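We just call them A, B, C, D and E in the order they show up, numbering each chain from 1.
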Amino acid sequence: MLNLLWLIPLAPFAGFVINGLFGKRAGKPFVTAVALLGSLTPAILGTVAAIQYRGVSPHGERWVNVVYDWITSGNIGAQVAFQLDPLSIVMLMVVTWVGFLIHVYSAGYMHDDEGYWRYFAYLNLFLSEMLVLILGSSYLLMFVGWEGVGLCSYLLIGFYYKTDYAPAAGKKAFVVNRIGDFGFLIAMFLMFAYFGSVDFGKVSQIAAVGGVTPSLLTAICLLLFLGAAGKSAQIPLYVWLPDAMAGPTPVSALIHAATMVTAGVYMVARSNVLYRLAPGAMMVVAIIGGLTALFAATIGIRQFDIKKVLAYSTVSQLGFMFIAVGVGAFTAGVFHLVTHAFFKACLFLGSGSVIHAMGGEQDIRKMGGLRDKIPQTFRTFQWATYAIAGLPLAAAFFSKDEILASAWATPYFPTVGKFVWLLGTIAAFFTALYMYRLYYLTFHGKFRGTHEQEHHLHESPPSMTVPLWILGGLSLVGGLIGIPQRNWLEGWLHPVIPHIENVHGLIEIPETTEITIAAVSTLIAILGWWIARARFKERQLEGDTWLAPGLARTLENKWYVDEIYDATVVRPLERISTFLWRGIDAVIDGLLALLGYIVAACGDLLRFLQTGNVRNYALMFFAGVVIFIWVLA
Amino acid sequence: MTLHPLIESGWMNAVLPELILSAGGMLLILWTAFAPKLKGTTAPLALIVFIVAALSENAVKGGNFFGGTYQISAITQLFDITFLLAAILATLFAREYLEREGIEGGEFYALLMWGTVGMMMMAKGLDLLIVILGLETLSICIFVLVGYHRRLPISNEASLKYFLMGAFATGFVLYGTALFYGATQSTKFEAMTRYFATADATNPLLTVAFVLLLSGLGFKLAVAPFHGWAPDVYQGAPSPVAGWLSVAPKAATLIALVRIFASMMPTFHLARWSTMVAALSVLSMVIGNAVAIAQRDLKRMLAYSGIAHVGYMLIAMLSVRDQSVAAVTVYVITYALMNIGAFGVVSMLAKNQNDPQTLDDIAGLGFRRPFYGLALTICMFSLSGLPPTAGFIAKFYVFKTAVDSGYTGIALVGILTSIVSVYYYLRVVYYLYMKEAPEGYAVPVAGMFATGALAISMVGIFVIGIFPTPLFEMAGAAAHALLP
Amino acid sequence: MIEFAIFFFFAAIAVIFALVVILHRNPVVGALSLVASFFALAVMYVLLDAPFLAALQVIVYAGAIMVLFLFVIMLLNLQHGSEPATRPVQQFLGYAGSAFFGLALVYYLVKYTVLQLPPGPFLSDARAIGVTLFEAYIFPFEMVSILLLAAIVGALLLSGRGARPEVAR
Amino acid sequence: MSHVLSLVLWLPIVTAVLLMLVPRRFAAEIKVVGLAAALIEFVVSLAIVQHFEDGVAGMQLVEAHPWIKQWGITYSLGVDGISIWLVLLTTLLTPIVFLSGWNAIAKHPKEYVISFLIMEAAMIGVFLATDLLLFYVFFELTLLPMYLVIGVWGGANRIYAAIKFFLFTIAGSLLMLLGIIYMAFLHFHDSGVWSFAVTDFYGMHYRSMTTEALLFFAFSLAFAIKVPLFPLHTWLPDAHVEAPTGGSIILAGVMLKMGTYGFLRFVLPFFPNATAKYAPWLIALSVIGVIYGALVAWVQPDMKKLVAYSSVSHLGFCVLGIFALQQTAIEGSILQMVNHGLSTGALFLLVGVIYERRHTRKLADYGGLGGVMPVYATFFIIAVLSSVGLPGLNGFVGEFLILSGSFKTQPRATILATTGVILAAIYLLWLVQKVFFGPITNEENRHVKEIAWNEIAAMVPLVVLMVWIGVHPNTFLKKMTPSVQQLLTTVQNRGGAVMLTEKAR
Amino acid sequence: MIPTSWFLILSAILFTIGVCGFLTRKNGITMFMCVELMVNAVNLTFLAYARQFHQLHGLIFVFFVMAIAAAEAAVGLAIFISLFHHRETIDVDEANLMRW
């Protein structure tokens, strides 16, 4: 199997091709079959490969399966080659299995959509690209998947292409991502120019032995992070993610919560060697992460669209992950990535189920009291909320806690670390607050929607609830893979973070700090929960009047960031372009036209020498003679 | 009877073509006089005469005759052929034109023949006397041919203008000659060569003489600023005549000029006379091309383009070397093919000849009469010097010669002006294919003769354009004969 | 020294009548004074030891050509009409240009051709000319026939019947 | 089989001449014959690939016969890694043109077919000629047919466009002609023999730097206009907008490449020092072109204009790659020439498809077509993605090679140019969104006919190649490598090296 | 004996007068007369030189020039006649159908 790694991405791609070509005529059962196969096969293959991998490299050396030479030109050599190592295996498991679950869920959720075949084709394509991303053995191949998933997210966000907001959102997503990719590309150019390769192994090797200057490394890391910020929705490029909710809910769950958006984190973790050699870059990452976490969380407390809340929470959680990788706790970052995949997927699918029940309604102001209408959804949602809020013993309790602890204890930049910890902690408080606000407004109180909505309410089919249960369960117990001090995940990922002379490896957190930090963040979380409970459980919407109206409006409008971007970037650019077209081009053409006109005018004037009067001709003749005599003689 | 030793034996077949043409002309006059009913047959007869004359070139053997005043050599024969080619094309077009206009008559062809004789004398004369005599013979014929369409006011006006200017110019030519005679004590080229080998280049009288002579001949070349007559005359003259007029006399004059320039080395350069030639060529290129843009009347446009083309030919003349002679030769032959072709198509437009034949008259012709369209298009592209037509080869040769002899600057002017020229040549193609045909008059289908003529020029253009080597060899040999 | 007197006298006549030609508005007067000028020139030819050409000058020019002129003038009866004045610009440029031209010419002639006449008489009687003409210049001489023939044909063609345009009248 | 090049060159001309003799009432037959000829031509041109030896740097399948002995001008053809794919591109696009215009061209089909066949031959000649004058002849010969195609079968404002196109190009190429003559003259002075063989001018010695610089500009101008490079690009949008679909396909697909090809084949090796000296300027222009074209494309209300300006942007990449004077970059830009031919050709083809159905190219008139003509939409989006440079499709490989290559010698310029990648996404996705997505605003769009068989037939090969180049570019790259290496050594042996060494690292 | 240059000067003057007349007169026939004047001036020059060099060549040249002049006169006057037929005048300024 290990030499057939390329089958893993290929399987879903096959699914995409088949569904894409024949899906429309073939009918739903066929499409479903193909799609589920296309997502289950890589899951199974991946698992098999993982098991075999343990056999071949017990100490976690990377296993590379070269397929063929892709681009060979000058001193640029790029292969299509897939690799396995602990990190990619973790990702592989998450992506394939969560992906499979969401495929199952989608079969139910999208059942009545006329674009059913299209949807699954895209979804399979996404899966295969995502797998390329995480299995690729070089930055270039990673970039291939990177752009590929970008494309799929574009297609899936714009899935409801007949509306006018969905395609716009899709375009926004793609373009913003491209801005990130710009950084990624330049980083790769730098690598080719100075490392002569973009293979993960070679790059980190050369970097580790000090083959290049720190400043160059910093540059590369920052550029890579620009890419990551685009993909993983960090400040200043996060704006696309909330809009991306225009896509079908399962898509939001899979792409914009569980898998794709975490690619940035994966990439930073993957490049940990480079980052550790460039602490400056790490600091930037950490601070940006912290700010994002807090910023998004604040917005989250004043949103009414159920998916928007979750979207901002995703942004915020991604911020946490970047804090982790930023402060050097790469394993913690990956850990949170995993747990987040569980509970956020669960939350999204839950919201999907709610929306399904509400007949497409997403505004929580129309909901309320759904707990007994859709009990299963309610239960799983509750668990996930508990998890994300970071309440004791659930998934995020461990992961988030480890992040904050490492932020506090980071050896790279202690003081800044404390500051980042502060940001994170406040963000954690808000997280609990807005999640429970959402929870209470949705499931408690009494129903606020219209009558036919109330009449229409129903629990979702098993194809949707089963994944909910699984993910809900995981979000409760998922944290167990990373219990402090006897951290399995850390051990598993250890080989990915090689030892470098006088550069810090894994962060050692003293037990005491660990516990204190944990206590603090738990208290904070509980506080957040308590406040939410006090305000919203009974009073429901009235509870929402607690913020100063101005602040409330600002939060509701997401700090007007979109507007600011529009005014400072988009409009001016458009104006410049119009000027270039109407102005410069016109000038160029004008000048040339003028030239032509002058020539023609000269002709027109000279032609009046031709008076038709022969004596003038004679005069011209004679003038010629006289002048020549004058000049020459 | 005994002839004076100066009259070598064999002079008879030395001037065989001239004799044939002269006799043929008289024959035609008599034929029309005595058999006026058979006007239709005159053109074929004329053709036969021309062809016979052309064939007779084989019988001619080279050498100098009449006391070294008359040279027959490769170049004169090549030019004879050129003149005859021009005459033949003109005849072919004239046939249907004259028929349509109801002015057929042997005189027309007779005058063509005598004019050709005149040109031959210009090409072969080694004595200014003979050159001038030829020039005058030619002029007289042209006066008449231009005015041949007697009913037309413009035709008459054209001949008036040409006549007055011609006479005026003759005065200058003669006076220039006289002054040279004063200097060299002879009007033979060899004498001039001998004289100028040691002449004092600073003598302004010589310069004056040169200016007078060149301006007089420049009139025949229609080179700016001596070009005033050209557009009017071309417009007024019957189209076939205009075509012939725009080519043959220029060819004859050019070769005469080459001889003259050659005999004036090195004073030609020392006294900056070449500068005058350069100035003329630049002026012609600029004025010709610039004004042509402003023309809507095809014949006037072609007239100006003709002025410009002479400018190009003069570029080559700047350096009087065998190279440049060859270049000019090639250019002249090419020009004959493409310009007479163009005028020929114009002559096919059955329109009241007194009105200008404007661009609108050929609108949509390309699809209504594909053959004309194709022919005119090819001629235009050849005139604008685009490959793979002969025009390109010719221009290329000229520019190459110029660069080769250090006149890159003037070559640059040539290039720039030909960029301009492309515009108006292109405009013709645009009218041919991209304009809707006007309602009203119908363009007649070309008859056998015109078709033949057009075919000749098209084929010629492509053959020279694609396989120029043979022509180059001929021209090279000819040039060598002229300037050993 | 008498011939100097003759020279200046007839030179003056030639020039004066030439001026009359270009200044007098009546073509008949012009033609006649041209004849006079040509006579004067004929005298010059005699002074240049070319009696034969002097004779030709009188016969061909004064006799034939100018009569032809007069004939045409009469035929088209232009003798009364005196032409209107031309555009002053043309006028001025014409005078100025030719003045410059003439002055330059004369200046250079004076400056550069101070020639000593060779001794001995210059024999150029009809016989000598005839011999040369028919020996050295036989070919041009023959070709002149073509020239004249063309001229005749042309003249006939242009002025003959049918020249009248039906449109014009 | 050594005459394969001549065969490829003359087959279309012969066909065209024969077709001239066919009376035009046989319109249908003429179209069939034309298509057949073009297809055969393509098959024959495949023989070139088959006989092409990899790993050989110099010209292959060479043919040389004296043409104009007096001046040492020869009819000499040859193909190497630089030209081979462009030839193939030409032979591929011509049948596609015929297919796409199958029903569209109602007016004068005979002349249409003939023009395109002659054009094809001329373009092939441009890429095959190894004699400077022969090259020039073909270079100019392409003008007339294109002039007619634009002028006769073009849109409302076609005359203006056609004449503009012609004058721009001729202005450049005539100056180049003078340059050619002057070079030949210099060569004659050095060696005493007239020759126009391209190789004879490699590593030539010039009297002075000024001479070389002037000649450099004489040539560069011609090619810069053809490409077109920034300030000289204004003929392109007009020509494209007015040209019929087929014309646009060929114009964008092949003719623009004649410019970039000219830079590679002539300018670089002829004037190494001047190149080294002035490369920064041309690079600056090309970068400006990249960004400028993209920005202007973004605000175009007319689909064709949008694509046209996108060409300006894409060709900017090619020129950047060329003047980076770096193996990878040059290979990249050669590949990018092909890519652009495919993707932009496809885009023009597709724009033509709806234009033919709706007779408007205004973006505003469309919207929501995705639901009406899904197959069409799919093709369009694929073409767009390839043009955006999505990995896995051809565009990415080309751009990546160019940028990563030129980054080594021209970092700043490259970074600027890379922004073009972002902008490309902006304007092309904008196009897609406006045309295919959103609610159907315009009732006429409700019943637009789905893409027809001939158009699909025309599109499929393009798509296949897009994927092929994207997935396995080595097929194409490995044939170029030796030739490009040789080219670079020619350039660097003289002065060109200076810049490289100082820039790198 | 009278020095040649005097004749030359005289002929130059006459030639100039001829030119001047040609440029300043409108009457076609008068203009043509001026041309004749120029030609005669040329003849004078030829003869002067001929005597100077004791050559017959100059004389012969004059002889031919006379022939030429005669021929021109014949054709020219014919042209004037038909011009007159066309437009009742021989004022050449009137003859400007074709211009520009």
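In this section, a contact is a pair of C-beta atoms (placed from the backbone, for glycine too) under 8 Å apart; a residue touches a chain by one contact, two chains touch by 3 or more.
This one's a predicted model, so the numbers in the text were calculated from it and none came from an experiment.
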Next on the checklist: So if I look at the partners of chain C and the partners of chain D, which chains show up in both lists?
Outcome noted: A, B
Next on the checklist: Of the chains shown, whose Cα centre falls closest to the middle of all protein Cα atoms?
Outcome noted: D
Item to check | Among all chain pairs, the one with the most C-beta contacts | outcome: C-E
Item to check | Centroid-based (C-alpha) most distant chain relative to chain E | outcome: A
Item to check | Gap in Å, rounded to a whole number, between the CA centres of chain E and chain A | outcome: 98
Item to check | Intercentroid distance (Cα basis), chain D paired with chain A, Å | outcome: 38
Item to check | Whole-Å separation of chain centres (CA-atom averages), chain B against chain C | outcome: 30
Checklist entry - Using mean CA coordinates as chain centres, what's the chain B-chain D distance in Å? => result 43
Checklist entry - Hey, what residues on chain B touch two or more of the other chains? => result 129, 133, 136, 140, 143-144, 147, 150, 153, 159-161, 164, 168, 182, 204-205, 208, 231-232, 294, 423
Item to check | Residue list for chain D, restricted to those that touch at least two other chains | outcome: 167
Next on the checklist: If I count partner chains per residue in chain E, which residues reach a count of at least 2?
Outcome noted: 8, 15, 18-19, 22-23, 26, 31-32, 52-53, 60, 64, 68, 71-72, 75, 79-80, 82, 86-87, 92-93, 95-100
Checklist entry - All pairs of touching chains? => result A-B, A-C, A-D, A-E, B-C, B-D, B-E, C-E
Next on the checklist: Touching residues of chain E toward chain A in the complex: what are they?
Outcome noted: 19, 22-23, 26, 31, 92-93, 95-100
Next on the checklist: If we count contacts the way the header does, which residues on chain A are in touch with chain D in the complex?
Outcome noted: 24, 68-76, 140, 143-144, 147-148, 151, 154, 158, 161-164, 166-168, 171, 174-175, 178-179, 181-182, 185-186, 188-190, 192-193, 573-574, 576-578, 580-581, 584-585, 588-589, 592, 596
Item to check | Sites on chain B touched by chain D in the complex | outcome: 367, 381, 386-388, 392, 396, 399-400, 403-404, 408, 411-412, 415, 418-419, 422-423, 426-427, 429-430, 433-434, 468-469, 472-473, 476
Next on the checklist: Show me the residue ranges of chain B that touch chain C in the complex, using the header's touch definition.
Outcome noted: 4, 6-7, 11, 15, 18, 22, 25-26, 29, 65-67, 69-70, 107, 110-111, 114-115, 117-118, 121, 129-130, 133-134, 136-137, 140-141, 143-144, 147-148, 150-153, 159, 182, 203-205, 208, 354
Checklist entry - For chain C, which residues are in contact with chain B within the complex? => result 104-105, 108-109, 112-113, 134-140, 143-144, 146-147, 149-151, 153-154, 157-158, 162-163, 165-168
